[in-house]
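By written order: A, B, C and D. Residues from 1 in each chain.
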């Protein structure tokens, strides 16, 4: 067992895949000698050289499009969006090109590529540098969407992402980069679509992913003190979605709270709530609650950002509301 | 009462607003003499001249960005995306700029603009010209999102959109352009956020918008034949969302089906289902059903496109499923 | 026969193949036999033909919404093309793509594209793959005058030049993006003038002269193969038909079209082949007949092929 | 005093105001007093100052992530700026925007912008509004060397030129986009070379020479006011600090910075003011003192201002 940070786990996964497969290469803004805006690619330039770890101009359409074209031509590019918010200038290459090519071309061309991007609020970066946009990606057939919460998952899911033959959106949370956790020595790829039951419980199911898993666990601890036994499920990927694990849990606990940092309206939580309301409504003893950001852009000033960002407190409140 | 097409109603609303307010102007690809790809702006160029009805280069970021800048500088631009699918090259200007400026700037600059765009499958235009993307827009605070179903609504809601001081995404369905309906002579603006109960019923609530309203009404007719009384609600706008009308109806009918043409996963239907599952679960006698497109890109060939596109049949099936 | 003569004949055959294919589609569309949008390449045949004659089978192209000519010129199979445009399960994309999305990986065709400017970044990416593997392949990115303004195109030009990628940007300047003349969509007259902004050669050629196109593209391709980086070649041409079938072209003068029809690249080139003794009239007719038969077979194949099954929509979403 | 002398003094004061403001922020950031990202304008003061001195109050600018200099030069209020950067409710954006999103409609400042290249299309739109109303206003679009490659910038250049909009594109070429030198992000050396691709004048100036900047921008502004359309002015300059505070700048040589510090635009210009007798040493010191006081007041204002209330997040989402 090695103790490492989420950032180091990602860095290790990149390094190992590059060592294993010469078709894997990295590019993006400042990913080279600079090591990436958050330092995630540190050391890779030194090890693999500019040919495989390449700085691009500040042109995100060209970055994602180049990954698409390189993948179509046989490579396995891993490109980086410095912030997920920049998808706005480059969405077409992802959703109309990369995601649809396999289908539009009758299954005859595959696009094995990964777009890595940090998400989330919490560093005072304001409205254009703090969003969580997984719901957009989840709405697009052809994409896979990964949101690891722990170093071990970040490592194992990134191996899987790089080996996957489809475009994968790999969403990292900025505030998790420094989080430490165990990553087993012989850890291999973690399959997509397998949620992780992080804590077993009998009274309420909390479904979360990415940073919100920690809030859910914290909430579970608080609620345990109030005699409420919480089951916490970390989805790990939202496409594919492990609905079975959610349904099984709900059938046991009879109540559900879905939590994410993204704006609640039309977020991933809505999809999960809807699927449960379709498939397991008879098992429910309580309203399905969602915890998510309010319907506002992300504000800058710390007290505002703090008010914007949902966490354990909001989850506890949601659980207490349906248990009252 | 005048009988006119959905397209004519839009055209009339544009014309009247331009006559009323010299700050209103139109631009987009081929909206001038050509009259727009679908003919929606026909005649406006002749009436108002190139200054107010202007063809742009094929640069959607510049189109939406120019609308944003012009709005910030005091005009009320109405720009056209030839197909909503092209938002991928221009999303940043809409979601990071236009939608957030009012908030980021502390409420001191307003962006009164409209982005009109046709949505939807049904003309064999394949994966990059047939999507319905309202869920993306609904997820973005700062935008209003309008999806008229009838000529009267298209007219009245467009008046409201143009007079609104915020960026409004006005989504037209290609297959509705030729649909005729009554538009009252003295019709004025229709407020946003007021759903329309198109058909009253007691057994099931069907929530729909845009073209799917017709499918819902057709389904209601079929179901009436089977002794099931259906209430059909046309949302008209998804931001703001008239949740009260939905909840009131569900409290009466005790069951809900939400229908839209967009891909079901992470669509607007999920949000509505989730809100009802939170606020009215105790009133529900049945699972909440959603009808939406399958999780695939839009295919080209007619039998495939037909299989892709949800309609009355799927709504009937969903209702029968929960009534069995 | 010398290699160059053979190539001349090939280029002619390609043009004729495109001409006949598109003319048939024009008919079929009018007869309501083809679903969706159809953007015909009639009048522009010399660009695709001259360009692709400069390429190897393993070279790549990215195409546009007006892609039939590119695909045919790169060696696309008429049967599978026609079947696809008819929406049949035997088509290139099993009926999932249609006219705007034909691709053939085995021929390096990375797809027609419904997004104006969509192909540029993808072409740069394919060029990157070639460079990465140290190969001497080349990518041609076809794009229109309208597409030349799109940010994605300009980003691709920049990336290709910054990285010296083996990409040849072939601009098809047919004077219009749908109804919008280039005089309204840009301040410059020659798109080749943009090349200097990326420190790449910018060349203007008569896009209705297949030899001129071929020579210019060949030079750019050789340069790219040797690691000399990208080029931009602007081919001045004209589309004979409306933007898509059904467009009445009220935005342009009939006389303008007439002028361009006089510059029809086919008779112009066949005359040269005849004059130079490369082909006899009889040989020419034989070639025509051969292609006409090939096309008939493609049509028969498409007509007889089955439509896809509804359940097929669920296939091919993921690899 | 002649008008031109007054303007010279104004330009100097603006530079000094920016210099002091940014230097304070550098301190505050180091002391952990400022949340979020801070991108300082130190070393580039002459660009904003020379540019905005060519503008009227009712002219517009669009700014960038490195926007403090632009805002100050356009007349921004130091108190409200400082309060905003501190996240206080009295700030320009009530604490909602922060360093990267300061705007002031009353001064035509359409916002700093966190999106590289985000300002171009907005500038074109403001230009369109001016043209539409038949006014003689002008818009300046500030953008960096990195931003010059972004598709949005290039679309804006194209739209402005196709429509002859009154937009002056002021490129701040400081040699780097974060760690990436222009030699890696583009094949050209001079961004002004892109202007020809849009049929607009492209001018290179020494961005550390406030008079040179002012003259070039003034000429472009006059041209635009008269309906002559857009221009591109490339100002060669350098940022002294890291990309953002906290960046150790390992990607560039200390010697490079040293060379540029020698070209510090402030002493260079103050020396000229003294040499030409426009200001005496004493007057200069008085001006400095005045600005220093102004800045102290701004800091005090920011420090004493309250933070926003949590419930304020719900305000200002919609107009």
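Here is the rule we go by: a residue touches a chain if its C-beta (ideal position, glycine included) is under 8 Å from a C-beta of that chain, and two chains touch if they have at least 3 such contacts.
Model, not experiment: these values are computed from the prediction.
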| item | value |
| --- | --- |
| Partner chains shared by chain A and chain D (touch criterion as defined above) | B, C |
| Chain A and chain B: spacing of chain centres that average the CA atoms, whole Å | 30 |
| Rounded Å distance, chain C centre to chain D centre (Cα mean) | 45 |
| Centroid spacing, where centroids are CA-atom means, of chain B and chain D in whole angstrom | 40 |
| Gap in Å, rounded to a whole number, between the CA centres of chain C and chain B | 36 |
| Residue list for chain A, restricted to those that touch at least two other chains | 56-57, 59, 61-62, 85-86, 88-89, 92-93, 96, 103-104, 126-128, 141-142, 295-297, 299 |
| Sequence positions of chain D contacting 2 or more other chains | 93, 95-97, 101, 113-115, 118, 149-152, 155, 158, 162, 184-186, 317 |
| Graph class of chain-chain contacts, one of line, ring, star, complete, other | complete |
| Chain A - residues contacting chain C, complex | 25, 51, 56-57, 59, 61-75, 77, 89, 92-93, 96-97, 101-112, 141-142, 144, 165-166 |
| Residues of chain A that touch chain D when the two form their complex | 29-30, 32-34, 37, 55-59, 61-62, 85-86, 88-89, 123-129, 294-297, 299-304, 306-308 |
| Touch list for chain C against partner chain B, complex | 35-37, 87-89, 93, 95-98, 100-101, 113-118, 146-147, 149-152, 177-180, 184-186, 250-251, 307-314, 317 |
| Of chain C, residues touching chain A in the complex | 60, 62, 91-97, 101, 103-105, 110-111, 113-115, 118, 120-130, 132, 139, 151-152, 155-156, 158-159, 162, 315-319 |
| Contact footprint of chain A on chain B as seen in their complex | 61, 85-89, 91-96, 99-100, 103-104, 126-128, 133, 135-136, 138-142, 239, 262-263, 265-271, 273-274, 276-279, 281-282, 284, 286-290, 295-297, 299 |
